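Alright, structures below, take your time with them.
Next come two complexes built around chain A: one with chain B, the other with chain C.
Take a look at the complex of A and B:
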């Protein structure tokens, strides 16, 4: 199975530059997601890989071979669309058989391979049904079977689960992951859904405004975002401007503009330029006003409270600005209560502020 | 109708009366035995139906009309399907202008179109009458073809073509094996609409028909200028019956709902 390489891809729609010098490498057999909000260029990237969109410059390589100018029908990539894009005039069997027939595969073998694939996706019983008469989930299974049966070098997904309801989405993503591992196909998967993306990917590419902000394992993206954008994207809501004041006790010593001291673990490298500390709402401990003088303590008062179902979320007014903090269910604080926030050293992520 | 509103029922009856009343008068007059158009007919006879065949020009012009309509409609589809496809799929520069040009024969009065075609193709260009007539009819039905097929294509998702391409089908073949089978209802509808438009056309044909080459509506027009007998009414009945039979056949083989998709 091959490795996909994108080198310095620039792409645009008309005068609208979408991708700028995009580099990406998808290793053999890996499941890589492109994650980002709409308009970030993730679908554009996928269309460049598929060959539906010609890049302005840069190269697409598969196992070192140049695919940049190869027409999309000669790439041999499976593409699964958000809208399923089944052939409305054909039944399930003929939809799946389409790619094999283009390849002039012998009749008997077409029959055998299509039936086999329908078995794999659990649609054998629907083989003669018209694609129009299927449910959303069934349609996406047909689309999946249709893309897999040609034994593609690369499998491309464009938001394949967005049109399905929540329960089916979870079921289908497990199915997609299972099939991808069973056939060991290098996969590029576009989505805007974080949970979906983290749950099925080997690696995740977070995109913003046509560039890659971070390319890493899902766990790392979640715990060690590389930029303020990624941090916000994965749920960090509190940011502090900090200055680095050296190391002590094996920890970075940091100070905010108002003199509040923070600590952060030394395994983090200090980015150059302005420094930003990021903390998740659930990482901050919330308690009654009581100062001990330890690092990471912030005094504040509750400005706003919302109920989340498994606890409360507070907006706390502090000298460092309004902070978002999640608290326990028991004995909730009321608006106006004075409190002390504690940021544990190992929950503070240090970022360079662009 | 289920327990309807009586005012609505009266209104609908009135609409039907105005729509079908004249047809009824024509049909009744067609079976008249007298020598001029009268309603109600004072006697019954089929002789005016026989007279259709006696006037050989009717059959001759009918054949010309049929030839022109079939060829013109076919040409309009050969030009119109690719044009509609290009307009709907690619970002052709000046798409709006092109779209306007394609509908312009509908905007330009047929009389003007007919006259200019006569002037420049037939008189100046020396193009024979039949060919000029064919060009004229192709032009008047082309906008209908393009319009109907465009709306059919608008409902057909480009992703389906891309799916075919990603599965190894070249772009041109995708058009034939994926696009065309899915817009064939639109193509059929365009064919019928263009065919009927061509068969009925008077304003363009009136300029472009010449010695020995005329269409049925023009022949009918010149006939009523000279004769006042009910032959035209009989001929109308035949035409209406033929069209109805044609629609019935389509309904039986394809189903009319097929066109309403």
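Take a look at the complex of A and C:
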């Protein structure tokens, strides 16, 4: 199975530059997701890989072979569209058989392979139905079967589950992952759903406005975001400007603009330039006003409270700005209460502030 | 207002259609069976005449050729328009329908200027020494077909663009990613899916060409009489109203049968349409 490499891809629609110097590598048999907000260029990236869109510059390589100028019909990639893009005038069988027929596969073998694939995706009973009479989930399976049956070198997915209801989404993503592992196909998967992306990917690429912010294992992206953008994207809501004041007790010593001291574990490397500390709402401990003088203590008062179902979320006014904090159910604080927040050293992530 | 009374709103239109379409149609058809002749006697008499037979088949031939040419010219044009950006698309559609805004008399006359002995085509070919003597381009079947094609091409383009615009862009990409070269993908995807537009266009062009009067009257010669000009002659020159009604009835039947045939062919080609 092959490795996909994108080298310094620039792509645009007309004068509108969408991708800038995009580098990406999808290793042999890996499942890599492109995660990013709407309009950041995920589909554009896939279209460049598939050959539907010609890059302005840069290269697309598969196993070292240059695919940049190769037309899509000679790439042998499977593409699953967000809209499914089933041929409405063909039935399920003919939709799935389309790619094999283009490859001049013998009639008997087309029959055998298509039926086999329909069995795999659980659509054998619908093989003669017109594709436009199928439900969303069934269409999705046909699209998947149609892409898989040609034994693609690379499988490309563009938000394949976004038109399905929540339950079916979870079921289908497990199925996609199972098939991908069963056929060992190198896969590039586009989504803007974090949970979906983290649950099925070997590696995740977080994209912002046509550039890649971070490329890493899902666990790392979640716990060690590399930029403020990624941090915000994966649920860090509190950010403070910090200055580094050296090490002590094996911890980074940091201080905020108002003099509040913080500590962070030394396993984190300190980015150059201005520093930003990022903390999740659920990482901050919330208690009644009581100062002990330890690092990571912030005084504040509750400005706003919302009920989350499991606990409360508070907006707390502090000298460092408004912070978002999640609290337990038992003794909810009321608006106006003065409180003390504690940021545990190992829950703060240090980022370079662009 | 009770729901059923909504139907009352249709009454004026129904009265109008009844008075202006159904009634005259009925009296026309009835006239061909009236008088002292056998049941289909007037039709038999029409076809016994060799000149009439020629006119009948010529009319059919001209309408069919015009339809085929309009489809052949309109298809790529319509695809091009449907693929253009939204701004260009409106401009191109405007250009396509512009001829529809002038009267068909004026448009037919312009072809007399272009195709005449000293018209632009002959002048150009003479200047280029392609020919020595002017070609006879006018007042024959060719000039009628040219005039009709020009007249009805916009209808073909419009009905095709309407359908092609609604074909999902992803389908072409899907077909190519599955291994079909663009041209094959076009025939496997765009052609079958645009068939409904082709059917509507073909019906419009065919019925239009079959029944058009001005163009064959102005651009056709004595040797290219068609059914509509024949009706005119029967009614206005020979005052044979029964004969004119017979031809008119045949044209109605002819039009309906060809529309049915085109529809059936299309359904066979594409069961989903």
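A few points about this structure:
The rule we apply is simple: the second predicted complex is superposed on the first by the 354 of 354 C-alpha atoms of A that agree within 3 Å, B and C clash if a C-alpha of one lies under 4 Å from a C-alpha of the other, contacts with A are read in each partner's own complex, and residues count from 1 in each chain.
Please note the rule applied: contacts are C-beta pairs under 8 Å (C-beta built on N, C-alpha and C of every residue); 3 or more make two chains touch, one makes a residue touch a chain.
What you see is a predicted model; the values in this text were computed from it and never measured.
Annotation for the three-chain superposition on chain A: chain B and chain C clash.
Of the two partner chains, chain C is the only one that A:130 touches; chain B does not reach it. Contact with neither chain B nor chain C is seen for A:61 once the two complexes are overlaid on the shared chain.
In the superposition on chain A, A:285 makes contact with neither chain B nor chain C. When the two complexes are overlaid on their common chain A, residue A:88 makes contact with chain B and with chain C alike. Once the two complexes are overlaid on chain A, the chain A residues touched by chain B in the first and by chain C in the second are 50, 52, 71-79, 81, 83, 85-89, 98-99, 102-103, 146, 150. Residues 168, 170-171, 173-182, 184-185, 188-189, 192-193, 270-273 of chain C are the ones that touch chain A when the two sit in their complex.
Listed in rising order, the residues of chain B touching chain A in the complex are 91, 157, 159-160, 162-171, 178, 181-182. If you check the complex, the residues on chain A that touch chain C are 47, 50-52, 71-79, 81, 83, 85-90, 98-99, 102-103, 130, 132, 146, 150. On the chain A side of its complex with chain B, the touching residues are 14, 50, 52, 71-79, 81-83, 85-89, 98-99, 102-103, 143, 146-147, 150, 156.
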